[in-house]
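Shared between the two complexes below is chain A, which has chain B as its partner in the first and chain C in the second.
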Partner chain A sequence: MRKCALSVMPDLLRAVAEATPLYLPVDTDKGDALFTRWFEGADWSGACNTARGPKDLFFPQTEDLVAFKTAGKTVEVLDIRREQEDFVVFGVRPCDVKAIEVLDRVFLSEPVDSFYAARRNHALIVTAACSRPTETCFCGTFGIDPTALCGDVTVWKTEDHVYWQAATEQGERFLAALDGFLEDADDTAVTAQRAQTAALLSRLPLHSLRADAFGGGKTEAFFDHPAWDTLSQSCLGCGTCTFVCPTCQCYDIKDFDTGHGVVRYRCWDSCMYSDFTKMAHGNPRLTQKERFRQRFMHKLVYYPENNDGLFSCVGCGRCLAKCPISMNIATVMNTLGGDAR
Partner chain B sequence: MSFQPDSLIPQVGVITDVRIDTPDIKTFRVVTPDGKKAFDHRPGQCAMLSVPGVGEAMFSITSSPTNTEYMEFSIKKCGCVTDWLHQAEVGQQITIRGPYGNPFPVDDVFAGRDLLFIAGGVGLAPLRSVINYCRHYRDRYGKIDIVYGSRSKADLLDYDEILTDWETDSGVNVHLTIDREEVGWSGHVGFVPSFVKELGFATDKTVVLCGPPVMIKFTLEELIAMGFDKTSVYTTLELRMKCGIGKCGRCNVGSKYVCKDGPVFRCDELDELPDEY
Partner chain C sequence: MQSVTRQDLLDTALEKLADGTVSHVLGWSRGTFDYEATPTLFSDPDTLRTAFVWNDFCGANLSKYLIKHTRRLEGRLLVFLKPCDTYSFNQLLTEHRFERERVFVVGVPCNGMADPRKLKAQADGILSVTAEGDTLSVETLYDGTRTLAVADLLEERCLTCKSRRHAAYDLLLGEEGEVQDSARFDEVAAIEAMSPDERFAFWQKELSRCIRCNACRDVCPACTCEQCVFGNPSSGVENKAASNEFEEKLFHIIRALHVAGRCTDCGECSRVCPQGIPLHLLNRKFIKEINENYGVYQAGAEVGTRAPLVDFTLDDPEAETVVRRGDDA
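Moving on to the complex of A and B:
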């Protein structure tokens, strides 16, 4: 394990950013934090988590896929992909690191999504272990230890120091390049902090929420559950939960006429929206109940069924904090899991 | 700079023929700009066609894989992309990508079996590919029965091909029906499900069924009542799709993605899925 004084961090981050584009959580003037490209004076945010995960850096909200030149009856297809450069994402919370694994299984499975893969292959992830979880956190429900080593490198921030440990070879190389800033350290302070955090985690309101009742093969147990009616009753279909979710990956593909040609782009979409499945012959999900159910069934049953039991919720708690009607996956799990076990 | 091919990046296709089939269905012949078939496919697979600036949509490939020169798509006019395609003339370039989805099991499960094809309306489009494949390799299959119904005579898809090719094949029986009596029609009148019951087929046939959802539902009920087993009935689903490769989330039903796990399903497999298709 290596360490540096907290006071050294601005210099250290500057050195990283000078070598490679660097993204880190920075406080905004709206009272939250967002992953932001490093700039002179950028402070590493102390927020428990960013308003949105680092999903944008791999799967941007909108992204151009291909362009077309049309003239008369002819069409020309233009491959507008660009070579990606290496970049570092610093300060990713362990729940969000897990969320990247969830996205990887979608976009990196055959046929590989070359747009996502290009970014993913050039990224180095520095995880920031949690020490101050908030009341909306429930990563433990999905087996995540937010104090443990993950990503390429993990940092543990204490009162006056930052402790560093590599988890991958790429992480080792990253730390080697920062050798001038770091000194050897034993893990006493980190071990003490991890124990302290574990005690905090055990007192969180959602600490006892269990996912055991869910998983692959549970479609029949939950699909026709009468509780979907009441759970979905107040859902506005606003899609905020999807927008802030670090694992939601549904997308739309649209064409845009630039005036000089056509650009085909993709953008985030939401299964909560009424036109998501609407087609010429009708809509298989006619009411908000079906759309609401789809989102939670996908996270808790369908995705795990296709991905060795891995849930596509990581317990980051963003949707709990942001839903305008205070409905959320924890309530859904508590309600459904209560009598279907 | 050169990149690996990406499924979402299409190639150019040229419309080389437009056939008017019915008042709202046209069949488009598509090849690459150098006159070749864009890619190989299996019966029942689909392709994404797009009109740049208008949009992209998934269509079943209606021509048989045994046609190595071009692909055909029978397309009903019912939305932005299809409206635009219906106005397109020969020589118009579009884009094409694919093939997508799982085909009908023509080379293993279907081999040596008597086959019963049941189609309603534009539902014949995906079946024409497999019907013509089986007609091409005629000696690999038993008897072939084709039940096809539409609203009126004018709405029968591939009518000329049915009369001149399918009906004249040995061992192929075609049973046509239209919804209502009309002048100049001496054939059967009535809906597909009751027609299937009237015809009373032997239940050892393998069935391929496609049409509007309500027609599929009632025909399947009739088949079960006649003694057919769901494990010998195949159908092909249609859901909204964007990517075609199981990633955009749109055609997700239960743990399946219709674009990659379907569109061809056996009817007992559909029972495992939530009723959202």
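Moving on to the complex of A and C:
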């Protein structure tokens, strides 16, 4: 394990950013934090987590795929892809690192999504272990230890130091390049912090929420559950929960008429919307209840069914914090969980 | 603290259910945390007794849900409306979104609602919140139990409340309030006083945070189109993403124009925006313009009024006056 004084972090981050584009959580003037490209004076935010996950850096909300130029009766296909450069994402929380694993299974399995793959292959992820979880956090429900080593490198921030440990070879190389800033350290402080954080986690309001009742093969147990009616009753169908979720992965492909050609792009979609997966006959999910059910069944049943039991919720708590009606996956699990038929 | 208690509301609801006046009650239940409430439809007295809440976090305006529930259910619905909510209720009636007879309105006085965002900015790791008079006792993970004054946590819309008098009710609980001498246009005036470049930069910065989740539209009691232009894939405009910066602003400008003269300034759009964009300022600008050009008009103050923008009177200012005033601003 290596360490540096907290006070050298600005210089260290500058050195990283000068070598490779660097993204890190920076406070906004709205009182939240967002992943932001490093700039001179950018401070590493102390927020429990960013308002949105690092998903945007791998799977942006909109992305141009290909363009077509028309001239008379000919259509020219233009390759508008750009070379992807290496980049570093610093300060990713462990839940969000798990969320990237959820996305990987979707975008990196055959047929591989080359846009996503390019970004993943060029990214180095530095995880920031948690020491100040908040009431919306429930990563433990999905087996995540937010104090443990993950990503390519993990940092533990204490009052006056930052401790570093590599988890991958790429991470080792990254730390080697920062050698001038780091010194050897034992893990006493980190071990103490981990124990302290574990005690805090056990006091969180959602600490006892369990996912055991869910998983692959549970479609019939939950699909026709009578509670969907009441759970979905006040859902606005807005899509906030899907757009702030670090694992929501659905997108739509659209053509934008530029006047002299077409740009084909994709943008995030939401199962909460009335035109989601709309086909010639309409949306197969006619009511908000069905759309609402889809979101939670996907996270808790369908995804694990196709991905070796991995849930596609990581307990980051963003949808809990942002839903206008305070309805969310934790309430859904609590309501359905003890009552699987 | 609210001047009528949960028990007052609960007793009324139980009585109206029991005597057959209504078949359902639209109110709030506790959200995931003590500082949140979920709009909830009740029909069973026992559930009502255990789950119903009325506290400083019942900000959600229930009037828009009446469209959906009156269509879906038989019988009459009891709804609890705060003063600002009753303006939305009247506006919906003016637009014939549901039938008045289907609803039994219980007006509840309101002393202002607390903003969970302000609470969370002051207290980290909130385990529980209990109301104690004019303060909240907040049990936290990091700073023990804190006592915070509700007055310091009020939502922006409550700090600039336009009216504590209900614009509609069948039964009023507690004391009726007064129309307020609100400073709600001050912030708009401050933006008007900016140079065009500053103003552009202000909105550019605010709107560029938008993630197009559409929560502002979906919660808005004036947005009741059966098919929103931004939810129709054949309309040629994008509902889920801004394909460019221009479209990012277009969504908000179009929405503000669609609700101009119909927006009651209930403040729900700003309350729900996950990105903290002060959307109410756009709508208030329109209200201010209407007030200044056509005389003071409050949407939803009464049922059946014609909004100045869809009406013609001989007193209307000439179009060029309006345009010139706009230029000056």
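Quick note on the criterion: the second predicted complex is superposed on the first by the 338 of 341 C-alpha atoms of A that agree within 3 Å, B and C clash if a C-alpha of one lies under 4 Å from a C-alpha of the other, contacts with A are read in each partner's own complex, and residues count from 1 in each chain.
Everything below uses one rule, namely that a contact is a pair of C-beta atoms (placed from the backbone, for glycine too) under 8 Å apart; a residue touches a chain by one contact, two chains touch by 3 or more.
All figures in this text were calculated on a predicted structure; none of them were measured in a lab.
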For the overlay on chain A, clash or fit between chain B and chain C?
fit
Which of chain B and chain C A:202 touches, first, second, both or neither:
neither
Based on the superposed arrangement, let me know which partner A:191 touches: chain B (first), chain C (second), both, or neither?
neither
Taking the CA centre of chain A as vertex, the centres of chain B and chain C subtend an angle, in steps of 10 degrees, of 90
Classify the contacts of A:7 with the two partner chains as first (chain B alone), second (chain C alone), both, or neither.
neither
Pick one for A:287: touches chain B only (first), chain C only (second), both, or neither.
neither
For A:254, is the partner it touches chain B (first), chain C (second), both, or none of the two (neither)?
both
Touching A:264, do we find chain B (first), chain C (second), both, or neither?
first
If you stack the two complexes on chain A, which partner ends up touching A:121: first (chain B), second (chain C), both, or neither?
neither
With the two complexes superposed on chain A, say which partner A:274 touches: chain B (first), chain C (second), both, or neither.
second
First (chain B), second (chain C), both or neither: which does A:134 touch?
second
Closest Cα approach between chain B and chain C after superposing, in Å?
7
Considering only the contact definition stated at the top, list the common interface residues of chain A for chain B and chain C.
252, 254, 269, 278
Report the residues of chain C in contact with chain A in the complex, numbered from low to high.
31-33, 36-41, 60, 65, 117, 121, 124-127, 141-142, 209, 211-215, 217-219, 231-233, 238-243, 271-272, 274-276
Which positions of chain A touch chain C when the two form their complex?
30-32, 48, 51-52, 61-62, 132-136, 200, 203-205, 233-234, 236-240, 242-244, 252, 254, 256, 265, 267-270, 273-275, 278, 320, 322, 324-328, 330-331
Within their complex, chain B touches chain A through residues 1, 3-4, 6-12, 50, 52-56, 76, 78-79, 82, 89, 91-95, 212-213, 238-240, 242-243, 245, 247-250, 252-255, 272-274, 276-277
Using the touch definition from the top, list the residues of chain A that touch chain B in their complex.
65-66, 68, 70, 73-77, 79, 81-83, 106-107, 111-115, 216, 219, 223, 249-255, 257, 262, 264, 266, 269, 271, 276-282, 284-285, 290, 294, 297-298, 301-302, 305-306
